[in-house]
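Below are two complexes that have chain A in common, paired first with chain B and then with chain C.
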Partner chain A sequence: MSHLTHQPAARFSQMRRAQARQRWRMLAMLGAVLLAGVMLTLTLGQSFTPLTTVLRILGGAEVPGAGFTVRELRLPRTVISVLTGACFGLGGIAFQTMLRNPLASPDIIGISTGASTGAVFAIVVLSMSGPAVSVVAIVAGLGVALLIYVLSWRQGVTGGRLILIGIGLAAMLQSVTTYLLMRAPSWTLQEALRWITGSVNGAQLDQALPLLIALLLFGGLLLSRSRDLETLRLGDDIAAGLGIRLATTRIIIVTSAVALVAFATAVSGPIAFVAFLSGPIASRLTGRNGSLLIPSALVGALLVLLGDYAGQFLLPARYPVGIVTGVLGAPYLVYLIIRDNKSRGTL
Partner chain B sequence: MLTCSQKPPATQSSGVTAPQLRPASSASQPRKKLSTRFAGGLLLLALLALALMLSVAFGAREVGWPEIVAALSGQVDTIGDATVASRLPRTLLAVLAGAALGVSGGVMQGLTRNPLADPGLLGVNAGAALAIVIGIAWFGIDKTTTYIWTAILGAGLAAVAVYAIASLARGGATPLRLALAGAATTAALSSLATAVILPRGDIGGLVQPWLVGGVGGATYEQIMPVLPFLTAGFLITLLAARKLNLLAMGDDTAAGLGEKVAVARAMSAVGAVLLCGPITAVCGPIGFVGLVVPHACRLLVGGDYRWLLPFSALAGAVLLTFSDVFGRLVAHPSELDVGIVTAFIGAPVFIWIVRNRKVGSL
Partner chain C sequence: MSASSLLAQSLVAGYGERTILNDVSLTVQAGKTTAIVGANACGKSTLLRVLSRLLTPEQGEVLLDGNAIHRLPTRRLAQQLGFLPQSPIAPEGISVLELVSRGRHPHQGLFKRWSAADEAAVADALSATHMTDLAECAVDELSGGQRQRVWIAMALAQQTDVLLLDEPTTFLDINHQIEVLDLLTDLNQTRGTTIVMVLHELNLAARYADRLVAMAGGNVYAVGEPEDVFTEQMVRDVFGLESRVIDDPVTGKPMMIPLGRHGRAHTAEGI
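The block that comes next holds the complex of A and B.
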């Protein structure tokens, strides 16, 4: 008898171990690709700088010519790309998992747009700069998130209604952003595009520290809740039955995710579709076992890094990263819409 | 229920009982009494008259009655006269744009059997804008007539694409799918438009008007070329109104009643695009008018498109003219583009519609 019950359990734990191995392998691979991407963007631009020189420059050595290129032009761009991408990836997958719908990512339901409108309002109307802009962006993002949730509440919140209301609000906020930008005294197309489609042009290294702190703080908060997040995937009732305090968990997850998205938006603008794409790509890669938080952060960082690189060097003209990801992301959204409705809730 | 006195006589001849069946979409909105319709119509006409007067009288510069009268009778002697005279084409464009967008939205809602259809939300305006941007950047177009043809082409392609994407899924084009397909298409098209503009620093200023919709600075030279298209669009959509009533009952029922569904669809779509394309070419994207107006009119006249479309034209003109006046007053002495004002009116209505529908149908 004990022999019979023992065997499936052993097989199960063996399977679990195999899955965990596969997951670590995938994570290591993503990390390696990201590292390679960072190396690529630091070494090869308009001119080629050998890797050893790059490492020496990063170590503090003065190399005439290449020093400026690497330290002032390439490094800030790379660092900001990786950080904003990770923030968007984390924020996106947190929303998608919690609401059990790949379409419910912050950039589709208007939260990024809200943060962007807040940032533009702070800059253009209130003449703010620096961290104050981030604060306004976060407050605006949280406000929009709360508004969407309240407005879609009608004996509970359903994914479809929440997404539709988000789309409606996003359309309105978008027109506000465009209007504010066109009224701004120093209106330039590049600057405006940052706040409409997202761009890491003109990234500064001193923007990286607040972003890194936000990523560690709120990303850590999300990671500490990753088990609850996984349980929420089973449905609210089951999660509650398994002893999860729904309200507290939701508040922590939403606040952290919105803060991540808003911090990133305040630096780079709402880079189109990164939050929306990272989770599903990570899910495909890791074969859907274990938490998707870290894989999504890595995929998000890769998307922004490589999207920006492609926009700078691989296309006939120089485009901001948001345009590249915007053109990439739309077909995937179309695919999700066309795909059979039944599997829509599962990512 | 089937009393003939409520019908305009012209449509009774061939449709047998078909036009008298209540369209499915109006099941929750019972047929309105004729007196309600007349009262509503009179109210809208009065509002339009008021809106026209306000639009001519108010703006950045304050003018008195003598100047208004002088300008209306064609005299342009003082700055005040000239101010009023410059407000005339703007008012005319607001009326035309409102009417066209209102009808266009109503037709799209009927065609897709979808309460959230609107040229802005479905990405049709973005298609028109992208076509114009490409036209300016690559083909150097600079005439209003060429803008209009280009915009119609872009709007038509975008409309077909969005509808096809949403319908390809099993279960057909639900409001959620259409809205998402519209959002995805808008995102992709505006990314492409930006990609076209960016390498061309020289056209940045030229394409700026197509970012936010407005009727400011309109001239008669801009408006004249639009008129033939709008006339054609209004005629086609009015002819399609009875077909839309049948389509509202479902494709099978409509086909069973002898309607050629594909022809009806194509005809309404052409009419809708002829209305919203040229308006986008001249004003830029103005969202939400096509969403709000038909819904408001349904409360007034019910779901019969032969009544709904003319009322939508009237109500659209009222809404857009008032929005334009409001935009001028609220940001005095500057002005708010009418596209922003309609977005602020429209988004709450959009949310109200979404909240008041059953979850299953989303």
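The block that comes next holds the complex of A and C.
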């Protein structure tokens, strides 16, 4: 039999290689666009700073006039945008893939909102700051994830029920956030908006390190599970039949995804729809054969970076990034709900 | 590939408070095709889920070649026993090749790369299911019968000695039902794979299975060769249906003709 099947096997290997090449090309392209975006946001703002000058400044040189703009205003914003975007993108696609539904993104089902509420609670009520806020945000995010799971449990969890319960919880948590913000009268509108729609205004470079560590640690954990995640797309029963330990795998994926989203939310607030949009966009770009984790992280980073840039410089007034991504995401949400009613969509 | 035997011992299982299987024992013979039949909610799918370890029994255990499957490492079990649930849904846009390749999951370690053996297993599975030419197509663009063949190809790529299938012919046209059952029979005959499947259609079960398991009310009503199990009495007790069981003129296997209220009147007149 083997001589008969030899030829198709060679053909399949070739197909796989072609597919892998295609994937790498797309990843390289996304990476290049992201790099271009980073250069754009570092060089061009209210004023233009040539790239060579930017590089000299980043290298530590003192350039009068431009030094402050690049190092203090642009760089933190760019770095934080890329990191939070990547975290949201990864957290989003992990949830969407695991639950086989693009609506099951952490920013739709209340996990980002929960992390945000936790962060506001930590700041307003507990007077915390710094890493402690992130910890409370993560605990709150995990708590919400657990609560959704428990509430939607009825002899197993189905995606639809989980999503509806999550949407309900998100609305409740949103009002808690708003209430807490109103109780703290000293807050500026800018800062309040961060916790409602998300913003990278006032980003600080010292917020980047914990975010980077979270991204490497939990992103790495997700990547190490990427094959399991791909197999989970076939359904729980099939995945279990193929030797995946469902409970363990789910716990690792949920914890990593929630941690990524919560770390990012603690810095930037729940930037609207980035987690929700990144995966589907990445899927359109790279096709649906193969893991979407890295493409989604890149798309997420791009969305926040360019969304924030647009909000700052391309629109008539200055808007926080969450407003821009919100405007992008809302129509897609409506489209998905309409489509989902017609045919059960999986990602 | 040697044939593997599966043994269920005094299984009690269900969902939450609801007990569905009451003390079910069953020997699945190695290298044979076994069909589980019974009325809706008689516990046949539940039995299959326990046999495939998707459901942990409250009491009793399932032995695969003498080892309790609930104590086997998940991956090792998946190398020996495959399971195909009822009408699985393929992710949007996934290609036939990609989906069938998933069947190699239990044979791949965390860092193990795709090997020539993996590729050969996938090529074999696609050729056995006549899907080689459609390898590049998206699964959701195929017909129902082709789609079911893709899932079976995935299970074949898993290269297990035992294959459990929950209603592999549901929602298929009769020609596709026959196609799928023929394919499973080929598999059983050429590779010696032990096959256990839940089937709705009694006549097809009797025709394609070496052994029938008739279930009623969460218990095994009868087990054995179709000729012994498939009787008018069994159809009455298991399905609550009056019928006439005759020999299939083509294969000589038992075949059932239901006597509905109208059918019976007509028969009575005719005879």
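Following the convention adopted for this analysis, the second predicted complex is superposed on the first by the 336 of 347 C-alpha atoms of A that agree within 3 Å, B and C clash if a C-alpha of one lies under 4 Å from a C-alpha of the other, contacts with A are read in each partner's own complex, and residues count from 1 in each chain.
One rule holds for everything that comes next: contacts are C-beta pairs under 8 Å (C-beta built on N, C-alpha and C of every residue); 3 or more make two chains touch, one makes a residue touch a chain.
The structure displayed is predicted, hence computed values, not measured ones.
Room for both chain B and chain C is found when the two structures are superposed via chain A, with no clash between them. By the touch criterion defined above, A:I238 lies against chain C but remains apart from chain B after alignment on the C-alpha atoms of chain A. Annotation for chain A, partner touching more residues between chain B and chain C: B. Of the two partner chains placed around the shared chain by superposition, neither chain B nor chain C is touched by A:L314. Using the contact criterion defined above for the overlaid structures, shared-chain residue A:A18 touches neither chain B nor chain C, since it reaches no partner.
Superposition on the shared chain A places chain B and chain C such that, viewed from the Cα centre of chain A, they span 90 degrees in steps of 10. Of all C-alpha pairs spanning chain B and chain C in the superposed arrangement, the closest lie 16 Å apart.
Touched by chain B in one complex and by chain C in the other is not one residue of chain A.
Within the complex, the chain A residues that touch chain B are 103, 108, 151-152, 154, 158, 160-161, 163-165, 167-172, 175-176, 178-179, 182-183, 189, 193, 196-197, 272-273, 316-320, 322-323, 326-327, 329-331, 333-334, 336-341. Contacts from chain B toward chain A in the complex involve residues 116, 120-121, 165-166, 168-171, 175-177, 179-181, 183-185, 187-188, 190-192, 194-195, 197-199, 201, 204, 208, 211-212, 287-288, 334, 336-337, 339-340, 343-344, 346-347, 350-351, 354-355, 359, 362.
Here chain C touches chain A in the complex through residues 15-16, 52-54, 74-79, 82-85, 88-95, 97-99, 102-103, 105-106, 108, 110, 114, 116, 119-120, 122-124, 126-127, 132, 135-136, 154, 158, going by the rule given at the top. Contact residues on chain A toward chain C in their complex (touch as defined above): 1-2, 4-6, 8-9, 11-13, 15-16, 100, 155, 224, 227, 230-231, 233-235, 237-238, 240-245, 283, 287-290, 344-347.
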